[in-house]
Amino acid sequence: MSTSEPVLEIEDLHVRFTRRSGWRGRHVVDAVDGVSLTLHRGETLGLVGESGCGKSTLVRTVFGLNTPASGDIRILGTRLADLSALGQRRLRNRVQLVFQDPYSSLDPRLSVHDIVAEPLTIVGRYSKDRVVELLESVGIGAETLRRTPAQFSGGQRQRIGIARALALDPEVLVLDEPVSALDVSVQAQVINLLQDLQRERQLSYLFIAHDLSVVRHLSDRVAVMRQGRIVEIGERDQIFERPSHEYTRTLLAAIPIPDPHLRADAPPAPRPALTRTNRGTS
Amino acid sequence: MTREVLLRVDDLVVGTRDGEGREVRLVDGVSFEIAEGEVLCVVGESGSGKSLTMAAVLGLLPTGVEVLSGRVEYRGEDLLGASERRLRELRGRRLAMIFQDPMTALNPVKRVGAQIARAVRLHGDRMTRAEGDRRAAELLASVGVPDAAARARAYPHQWSGGMRQRAVIAAAIAHDPDLLVADEPTTALDVTIQAQIMELLAEARQRTGAAMALITHDLGLVAQTADRIVIMYSGRIVESGSVWELFDTPRHPYTAGLLASLLTAESASGRAYAIPGSPPQPAARPAGCPFAPRCELPTKSERCRTDVPALRAMAPGHTSACHHADSVSSFAQEVTR
Amino acid sequence: MTKHSAPSAATLPAASAVTTPVAPAPDTAARFVWPRLRPTEWAGVGILAVVAAFILIVPILPGSDPYAQDLSASFIRPFTDGSHLLGTDMLGRDLASRLAVGGQVSLGIVLFVVAINAFVGMVMGMIAGYAGGRLDNLLMGWADVQLAMPIILVLIALSAALGPNVWLMILTLAATYWVGYARVARSTAMSLKGRDFVIAPRIQGATPQWIVSTHIAPHVGVQVLILASADIGGVLLLTSSFDYLGLGVQAPTPSWGLLISEGQKYVREAPHLALIPGVAIFLVVIGVNLLSQRFTAERELSTLRRRKKVRS
Amino acid sequence: MGRLVARRLTQALATIFVVVTIAFALGRLSGSPAALLLGDNASREQIDALNASLGFDQPLWKQYIDYLVGIVTRGDFGDSYRQRGVPSMQLVLERVPASLHLGAVGLVAGVLLAGVAAVAVHLTRSSGLRTALLTVGSARQAVPDFFFGLLLVLVFSVALGLLPSLGNRDPLAIVMPAATIATAQFVVYLRLLDNSLGEQSRLDYSRTAYARGESRFSVVVSELLPNALLPVLTIAGISLGSFLGGLVIVENVFAWPGLGQLMLSAVYARDFPVVQSGLIVVAALFILSNALVDVVSALVDPRVRRLA
Amino acid sequence: GGSDAGSTSAPQNLTIGVVAEPEKSPDPIIDGSLAGYNIYYNLFDQLTVLDADGAIQPSLATSWTPNDDFTQWTFTLRDDVKFQDGEPLTAADVVFTYETVLHTPDSDNLGYMDMLESVSAPDDHTVVFDLDSSFSPWPSITTAQSIVPEKVYTALGSEGFAAAPVGSGPFSFVSWNRGVDYVLKRNDDYWGGAPKIDTLTFQTVSDEEARLNGVISGSLDVALISPNQVTSAEGSGVDVRSRAANGTTFLGINSTAGPLADERIRQAVWHAIDREALVKTVLSGRAVANDQIIAANVAGYVSDATGPGYDPAAAKALLTAAGYTGEAIPLEYATSGRIPMSAEVAQAIAGYLEAVGITVTLSGMDQSTLSSRIYSTVDMKGLYLNTWAPSTMDGDMPATNLFAGGQNDYAKSPETAALVAKQRTVAGDDRIAVFRALAEANFQGAYIVPLFTPEADYAVSPKVTWTPRVDGLFDLSDAAFTG
């Protein structure tokens, strides 16, 4: 499936933090401990793992917010380390980030227009039409251009965040838990939008989540991370149906399945639960 | 099925005042019952009034929010009119509560063991300090804290989130309560820990025979634990019934939409159903059915915009607040495709 | 606050969700909207308005001269003489005029000091908070020194060396008082620095100048504005004490502190001389307090929390 | 721990060093005080002789180095210009107990008062009580200390003859100056504590406590208060410098023989070594009490303990 | 306070609220501050002493005689004086005292003794002072110098002596609590008869309000207050006892620079001020207008010399004649310190000057700053408010300081300097004639504009018998509590 060209490659990446703690001295946290990943054009790579396993650190490092202790990052085949600061910046713009918290990722003092226009202004490509076009592509009407984020709901804010990420025509979107702060009824809206955009724009997604059902729904391949390392990586179905790593199995076993008929105390079903028909074999 | 009613909530209205001093109903006429030993799940979007409802039951509403009308009965005893003294007696002893965020649920400046011992001794007639400590260690051990006696001397920040939630549960079950109110007890935890905690709660219930009111957004948890479900939307109950009925034959478009929007592998090819729009603020609740602006029921009518639908019995123990409850099944079938 | 009426669902394109205006997020750094005033806050506004009207109107009334002395008409009691409504002082000068001009002087100094400090503190704090590192250490080190050296002692020593005058007081305050604002600005900048909406433009290639001016300054500005408005009362008291000790405004220019210190010498025979300017200070301070009470402690606490967090 | 102590110590020394330097500079700004020290009848030769004996004939940098060397090697902060042969530091230290006594009594009384008031507000959950207390407190705060002190004296000493108006010889003499300080600090801490308590009461652990059946009193007093006090303590530490500065005025009104009075008279008498030593002592007190605040915080708050 | 000391048996403890403690350590060899003198007058004796009215009377010395040209003075001492440690006081102690002053460069008293060449003691009861120039008022100088015991002082040194002084005066040392109080007790063996007070405390209270309130509330028995407080003190049931002081408050003038170099403008300043009104209102009548730099009760005052009066018209005319164009003239004053109500006086004067058309820039400062500026001779640009009060009650010192090259003498007029030198060589009416010439020279040249002689006002507990002295010092050898 993933035979197309790689757009983002991470090779043996290490990120360390020194933390002062305890009564004496400091200790070193290997937040990312030798991670290698390859994301191909057009695919969605899901990255799952428990809280604190280093997912966000990995992402921050890709965007230059953390300095790696060692390892390589390649974007569209070019090693970041080989480039000048300007070159790095240009190349990094091919990869964009969508944040987890729709409430803190938009500057509450700016209007929606200003928020989406900002990346365009920074690179000197601002045009109002472009802003409108971007917003409409995520389903936000042009008549709301002057409103501030406070006047939008969580789902709408996340759409605005996506529009901002799309402003520079990136090839890759890194999505750090983009729906986990959203209500159940709104999650699906955003997921659908992401799927549509991927199809239209040939985007590649590095999709981070700890909600496994979302990952399963969206991903082509899935990587399971634990304590700074990738413990298993593979095709979605392989991971979900034939997990080879113990930890993956624990994770999967822990997901509550939204079908009461699978309970031990389930009465004989008069008719199949709606959710089960959807779910097929489980 | 004919278990005694433990808790009855009748037409409860909880409100506050907005900046201009106008009354805002945050919980608007909620009624439900919990039978002895039963698990009731309260499901709904953020801000739908789940927490406030249960806080009102225990008399723990935050400042500025109050019960405007309604009745809450515990084994026939009126709780809203009860003295503060009586309520304190019930809380912790008969009615226990577990909150969402284990990181802040324990007092950071007191030792974990001491906090549990405190819960123990508060209702443990003239128990000595040593007995309290011993009992606390027992309780901690019973919720699966290894090396409980030693760990009890640590402070909350030295415990992980999952461990803290265990401690909170240990304190809650100290007096074999009749009702455990758990307000999103696992939302802040990882899935693996969530599973452990849910199992722990189930065990504890088994041991004590307590009923449980579980507040959650997670339909997976609901499917696994609930006997009955109450679906709340914008401060009102829109549907309630047994877990089987609600999952198999939802009678409200909101419930149907929730179920349909669950993401699964198969829908990856197609698309998951998404309820459009977002829920209203309590202060800006639309005139008729609060769900009407988002409702995609084909039979949706003008009435939905003007009349507030009342809860109607659809089947024994199954109620729905939809003017068009009858047409929901086919809608449900359709959107889940 | 402007109200946006919610467009009805029907007018929106199908793909767009229903835009229901939702309440402002529980976000302390949220867009600054004038909060709805509580009754006590209205009282504050009322008090300040009365004081402002008095000090602005009285000096332009005909015959008002704060300096005209008439030794034969000294110590006139208030409300006994039509041409000296509030009476006269020991040199027969009109107290109402002196009070009004004194108010202009005192409040002028206070506003000037607060404005300069707020601006300098904001700029320094933002830079330190955003840039971090050595600059930040320097700033915090200086803040410690300043906190450890009471302004009043420094000012006393300085005026002993250079002779007291208003500018010395103003400059001393300007050189030291900004640290309070810098702290707030710094902690706000630091907390904003890690916020997603600041990181977003950063990874899109925005320069630090861009980020500070677009995303940090407006937020910090609001905080500083709140702090500054709450500070007005404190600085008024501080400068009044300085005037009282003879370290600030110099006679015959009236200031409220100076009027009190002059009047206090006659506190038994002519208590109004000290009481009336005392009441003026009282009114302003309490007006400002009533107005800003809600924010001050919250701000202080949250600043502190951030400081702790960052230190740990 | 060791590292932290070392870091704090370096920080403290750096602060003291800067304070010493500033204090020295302040003293030199006005040039030689010899003429002043000698009074109206002094001759030129007398003045020159005194200048030489005070070291004012040396270049500035040399005076500064000598001063520093004296401090570091001999603990010598210079003799008073006025009190012959008496080390300036001794003069300053003699006054510290009186100031500390007054300051501590006033501050503790103010904080206690505020604590009781804040707890009362949270026990009754009465916003009316809160508004009333805050208004009264703000009203007091809006009266300058020098004026408030005078009013106290006029009422309690002059009119009623109940309390001594000055000095510190009578044990009752502390009542009015301490009351002046306490009432001024009251609203500051009331505001902080009220907010801090409010903030704590919104955290889940307070709900947990109610849910296990605690009474409101025991929740507010034994659960929330210790947590609410922590930030207040830190703020108290930070504002200690300006608090000590404010003592100057109160000491003056009540003729309380403290550090503030000494500093004031030393400045007016151009007794610079005393001014310098005074500033150093105030800075040291500030640093010390902040360290104390940290220790106390650590005792109360296990999280801080771990970080410390 | 000691107001409880009503009955004869109860101890009589008297507390005096003083403005400041001695400026230097309380050693009479080096400290010459007023606050110090207050203590020394009770703890030590001097060769001569001023009575309450300012006349020189015998003390340790029973008699004294000058030679013809006033360059040598011979003093004869009493033989019954003992120090408080029981040792007799001899001429050697006197010689030691004066010589030590001469060899102590930072002694305040050195300034009084410019002319002293040497001291000697031909026998135990005779002291001879040799001066390097004629000095007729020498006995006034000896009122200021307290005599210390040679043995004790050499044993302890200056610091030690200040901490445990031994004198021969009516009170002996008990304790000194720096910055708080200085306590003395009765010397039962005093040669002049033991005082009635048992314990005498000088408590430092720098704030004048606090001093008055202290007396009203009973914390203090005696305290100096300022003129504006007199009415309220009287109204609060305490006694106010007043006494014209020994000094004159004046406007000093830098007559060498700016518009004030013009004599006419200086005269205009003189004419512009209504001294009588100033005294009556600003000083509540608690002062006497004075045209001379010497106060009425000080030797050298000329009783019938009056200067130009208040005449605003004349002032304006003089200004016009001088072509004054409104150039601003600074007026500097001390906000607190030697002159009661100085800020108000300065403002009132500024008001008068403005009224005749002189532009005034007022600037207040602390006393030390003002003094430094006066001493520096370059900083002072215009007018300043100052005062001169000779503790010795003799006009020589102010005259020297203001008209013969002292710190306040900006004019440096040879005419006035010659007059000052001359008065030292003559005595009696001849000397007064010289002072008259000096006063008239100043009326003409307006080098210094005298304003008034203030009154010293004391709030006193009614139970205390005590009368203020003209030199402002506290002599409590006769004070007592009455029932």
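Should a chain be cited, it is by its letter among A, B, C, D and E, assigned in written order, with residues numbered from 1 in that chain.
Throughout what follows, a contact is a pair of C-beta atoms (placed from the backbone, for glycine too) under 8 Å apart; a residue touches a chain by one contact, two chains touch by 3 or more.
Quantities reported herein were computed from a predicted structural model and do not represent experimental measurements.
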If every step must land on a chain the current one touches, say how few steps get you from subunit B to subunit E. 2
Measuring between mean CA coordinates, which chain is farthest from subunit A? E
Select, from A-B and A-C, the pair of chains that is joined by more C-beta pairs in contact. A-B
Comparing centres built from CA atoms, which chain ends up most distant from subunit B? E
Rounded to the nearest whole Å, what is the centre-to-centre distance of subunit A and subunit C, using the mean of the C-alpha atoms as each centre? 46
Centroid of subunit C to centroid of subunit E, CA atoms only: how many Å? 47
Can you work out the whole-Å distance between the CA centroids of subunit A and subunit D? 53
Could you list the positions in subunit D whose residues touch two or more of the other chains? 30, 150, 154, 268, 270, 306-307
Name the residues of subunit A that each touch 2 or more other chains. 20, 153, 155-156, 189
Subunit E: positions in contact with at least two other chains: 209, 236, 366, 368-369
If we count contacts the way the header does, which residues on subunit A are in touch with subunit B in the complex? 50-51, 153-156, 183-189, 191-192, 195, 210, 212-214, 216-218, 236-237, 240, 250-251, 253-263, 266-267, 269-275, 277-280
Subunit D-facing residues of subunit C, complex: 40, 141, 144-145, 147-154, 156-158, 160-162, 233, 237, 240-241, 244-245, 257, 260, 264, 267, 274, 278, 281-286, 289-290, 293, 296-298, 300-301, 304-305, 308, 312
Note: in the complex, subunit E contacts subunit C through residues 209, 226, 228-229, 231-232, 235-236, 274, 277-278, 280-282, 335-336, 341, 343-344, 346-348, 350-351, 354, 362-366, 368-369
Given the complex with subunit A, which residues does subunit B contribute to the contact? 45-46, 190-192, 194-195, 198, 217-224, 226, 243-244, 247-250, 254, 256-268, 271-276, 278-279, 332-333, 336
Where on subunit D is subunit B touching in the complex? 125, 201-205, 207-216, 223, 226-227, 300-303, 306
